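Provided herewith is a single structure, encoded as structure tokens, for subsequent inquiry.
In this document, chain identifiers A, B, C and D correspond to the written order of the chains, with residue numbering beginning at 1 in each.
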Amino acid sequence: MTLNIGVVGTGKIGQEHIRRLTETLAGARVVAVSDADLARAKEVAAKLAGAKAYPTGEDLIAAGEVDAVIVTSWGETHAAHVLAAIKAGKPVFCEKPMATTEADCSAIVDAEAAFGRRLVQVGFMRRFDAQYRAMKEAIVKGAIGSPLMFHSAHRNASAPAHFKATMAITDTAVHDIDIARFLLDDEPVAIAVRAPRANRHAGGVADPLLILMDMRSGALVTIETSVNIAYGYDIRGEVIGETGTVSLAEQSDVVIKTKGAFSGRVFGDWPERFDAAFDAEFRAWIGAAAKGGAAGSSAWDGYVATAATVAGVKALESGASEPIKLREQPKLYARTSS
Amino acid sequence: MTLNIGVVGTGKIGQEHIRRLTETLAGARVVAVSDADLARAKEVAAKLAGAKAYPTGEDLIAAGEVDAVIVTSWGETHAAHVLAAIKAGKPVFCEKPMATTEADCSAIVDAEAAFGRRLVQVGFMRRFDAQYRAMKEAIVKGAIGSPLMFHSAHRNASAPAHFKATMAITDTAVHDIDIARFLLDDEPVAIAVRAPRANRHAGGVADPLLILMDMRSGALVTIETSVNIAYGYDIRGEVIGETGTVSLAEQSDVVIKTKGAFSGRVFGDWPERFDAAFDAEFRAWIGAAAKGGAAGSSAWDGYVATAATVAGVKALESGASEPIKLREQPKLYARTSS
Amino acid sequence: MTLNIGVVGTGKIGQEHIRRLTETLAGARVVAVSDADLARAKEVAAKLAGAKAYPTGEDLIAAGEVDAVIVTSWGETHAAHVLAAIKAGKPVFCEKPMATTEADCSAIVDAEAAFGRRLVQVGFMRRFDAQYRAMKEAIVKGAIGSPLMFHSAHRNASAPAHFKATMAITDTAVHDIDIARFLLDDEPVAIAVRAPRANRHAGGVADPLLILMDMRSGALVTIETSVNIAYGYDIRGEVIGETGTVSLAEQSDVVIKTKGAFSGRVFGDWPERFDAAFDAEFRAWIGAAAKGGAAGSSAWDGYVATAATVAGVKALESGASEPIKLREQPKLYARTSS
Amino acid sequence: MTLNIGVVGTGKIGQEHIRRLTETLAGARVVAVSDADLARAKEVAAKLAGAKAYPTGEDLIAAGEVDAVIVTSWGETHAAHVLAAIKAGKPVFCEKPMATTEADCSAIVDAEAAFGRRLVQVGFMRRFDAQYRAMKEAIVKGAIGSPLMFHSAHRNASAPAHFKATMAITDTAVHDIDIARFLLDDEPVAIAVRAPRANRHAGGVADPLLILMDMRSGALVTIETSVNIAYGYDIRGEVIGETGTVSLAEQSDVVIKTKGAFSGRVFGDWPERFDAAFDAEFRAWIGAAAKGGAAGSSAWDGYVATAATVAGVKALESGASEPIKLREQPKLYARTSS
């Protein structure tokens, strides 16, 4: 049984997903693509045996041969495409952010709740990373007692030229925010942002940042974003419980001893660090979508992520702690983070 | 382009490979199976859309719909199946051992050399393991100088009931022997085996063993096999060079701190430890077989592995160092370990 | 040349210092002791060959046979004893806090500055810890670029019965505050305290805490204090620079592999963790005091530590960030943290 | 109570011990020195308050003011000095080797046994190293089951100009041999030596070596000596038990992340690696000698070390496994390794 997939948005990420679904993973086939740039969509389709290019995402979503949809278009258009998929009753994998405003996210949540079954999966791949899953498992098993704090660090070797400080919240820390909710099984209630002395290699952008997020239980999440740290791509995390802690272990294939030192490798960038997680994420999605459903982060998770980052951006500007006021949660999402 | 595969031998390992090719990896389809137990072959075929069960491996290999062959039958029958595949000019992936005697291995080497192109890939998955590849890369880059020794340890939590001491050489250390050749880019010339005090949990079998293998360059390989060590499945390795060393790093997803200790996980068994290596091994094979060829360990590598383990078994019995006299290497295999 | 030492305060810490100076380290002799409990002082003196018990610290400091003074009396009395030592022109090692109020600390700074030479050493042993010294060395050498953040964690297995949340600042985090100044070569300008959900094993005390300290350069220091974390005594630290980071390495003598895990030991409590640092601290002091001077943390460092913790206690109560306004620094202390 | 020590041999090691006893450790005073070069002895004595230079070791040992003796003279003369100390009934610390022949070692054992109490301590400092002690403790506690193998590696950055291959046994591996006996609580019965391809930086010397030592229990010890490995001084060890293993942990003060890698420091040479062990060794000796006795490695241990290295040298030359035939053990040494 092969899942027939339509991909809305054939930019860099879209093409990477198409490659993964076509060349790496079993069980799926890309049969349709669309892009704001139709020529690019046609070019991508031409390389795929039997794939068709559609002029709009809406056309693609409506197409009969499309069983399930991947949305990797421009962020501002996500909401419309996701809503169209829900309307069509088709499983949809949407890259983060699910939508850029709380209102749009909320509309998706309402639409899916009305539909009555999960169709939406949001692309937070960390939930499929073996390290974070082992961390979650340790917490759930009670290995460290109840969690009280989570220290997360999100470090990139360098940020793209157009990077703004707010993007450290909306594009970078959003992953830490989602995984914090997953690990702690908890919801955020407030967020504050500290901007220490800026890295002189950050081109005038406030970098690093320290984000403080208060959770409903009283647990405290700290997120360091350092997006111009030169040495590599490094994701660190430690959950502090009442009786112990659990940390992401250092990952290096080998240890070399030479010239007075032992050393191991740090990842270069996120595609390498999370390659296996992306595989697992899409495997889970293909399996769930083939049954008409979804796995991993839900529309509710997408909504909370946007609500938290919107408040985070406000907090960066105000210098104060900003509340994160979440709407009522539909019953569909009763267990958000398991 | 999908590769149509026939699988000879539908036992535990065969079924595991079928699962991997069908459910996990893109690019291949199992279209034919055979087994000494035809009923089992039919049962396995029935679960695969459109696969056919053949009464014999030879029939399967000859079948028109079969592009490439996987041999996971009983070890004694490997040679016949591999030779049949070469005769048919079809790419063949053969589980280790390629054959159980040097003569059979040599016949395969001759047949393939006469064919003029590599068709045979032997299932030494370590060559596709990210850790060993990083180790090899470090050596090739000159990070540790010329290699002088390689210390390998191969530890299993427990051995099966029918385990004999010779199997620690033919089934266990054979992997270390192949990877030693790969890492050092060198051939073995002699082998000796030491049997220290036996583990009382080994049921009377000589376990652990320490195998000493001399390489053509003068480098020395030590292989500890401990197949009843209870604590887990643990593969250790360190290459000692003239100016440094490179070791396999400890692999654990997380570190937990509790009750006065930090701790990480050791693997339970080989399917888990080498899961990603098996994926990479079959991906490489699918890619190479689709072009009519092979990747990874060659028939020559299969031959040397058998020559070395046959000498190793003799050394275990004699208590002396036994020579490993290799036949002339056909030009086809000029570069054995890249 | 043996340094003749008088010890003011023969409680638990005082006796421990006496033991170290008498039984472990070369170069010093305890010749005089005093204590608020004269009987105890006499008892301690009786065990030391040729030591005399004095009724007051002032008498001891004035005694002709006393070359140098150690103050380990009750914190409230430190200032008087340190000032008396300065007045007598004698080197004085004072346990932290140097004094409990900024005014008293300031008076000591003035007195020493008037004396014109350092006499005072404050007992921040971390500055003599091999790990922190290596961390400092890495920063000074430019291995990580200019420091932007320092994440410190100070974890105790359990807090004593009389522990109050403010003590997590004045007694616990004070060490992190001093070492932050040492590592970053920087002064604090403001401090804020966050109290997440309390550990249920903390007996109603707000624990853990997260302390945020802003430095003059703009660098940000985060200090987690978790003083009932059960698993052990664990001091973690990572300095984030513009191009890299430096962390305290995990310290365990051995790694044990058993029952599916590898594990190493976490320290039980601070006397064990910092045993070698205490040796080094007193060796440095004996050496410096023998020449009439002092090493390690100065009276200025003692003053800033108290100023910062006083502001920290205020911040814990106010919930706001509180400024740390430092007095003018006498020239004597021009290079505070080298 | 201060121990009055006489030091026989004021070369580099002798002076280093004098420094440690004088400047670092409490409880001892060097009151007498002697050296084959009397002028050097006088020079060293002149720097020590109240120390006297003696023309011979025998004169020094006989001197009334000498409570205990340290022998750091030329190896060939150790036996005479140790025997003289036993004759004088004075505790004696002797650098390894205790004596260079089995006959001399045996004479010392006989003399001490006749004296009836331990007076001799041999300078195998590893027995006082925190890491090896933790390893021993883990074994004794049964953490890994009964030991079956011990893999030891002894690596030096470079060997001195006069180094010969036999010294890798007598001067280098002798430490591994002693610690193997300590860890396994076992005696050697045979030894073999393998010389792989030589390191081209070893100046024509057979380096590295792999030494195989069979123990009475059947346990097997492997010792790699690599004395020109450039990268640093590195002592590795792992004991393989029936249910687990225990290894010396990597020791680095900090971990630095920069330029795509994390790294930690390897020791440069043995004085740094074993500095704390030397402190502990002499503290134990001072304490024991003050009571007229000895701690750590005994004369028996010194005897076995020489017997094993003599056989090892023979094995290097013969290429065969050579027996180590130990004399009868006097009752005095009934518990050798605790």
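The definition used in the following text is that a residue touches a chain if its C-beta (ideal position, glycine included) is under 8 Å from a C-beta of that chain, and two chains touch if they have at least 3 such contacts.
If you're wondering where the values come from, they're calculated on a predicted model, not measured in any experiment.
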Selected pair, greater C-beta contact count between B-C and C-D
C-D
Name the chain whose C-alpha centroid is most distant from the C-alpha centroid of subunit D.
A
For subunit B versus subunit D, what separation do you get between their C-alpha means, in angstrom?
44
Where the CA atoms of subunit C average out and where those of subunit D average out, how many Å apart are those spots?
38
Indicate the whole-number Å distance between the mean C-alpha point of subunit B and the mean C-alpha point of subunit C.
58
Check each residue of subunit D and list the ones that touch at least two other chains.
230-231, 243-245, 252, 257-259, 264-265
Along subunit D, where are the residues that touch subunit A in the complex?
230-232, 234, 250, 252, 257-266, 268
Please name which positions on subunit B make contact with subunit A in the complex.
21-27, 130-131, 133-135, 138, 143-144, 243-249, 251-259, 264-265, 276, 283
Spell out the residues on subunit B that touch subunit D in their complex, using ranges where they run on.
145-146, 148-149, 151, 153, 194, 196-201, 208, 210, 212, 214, 217-220, 222, 224, 226, 228-231, 240, 242-245
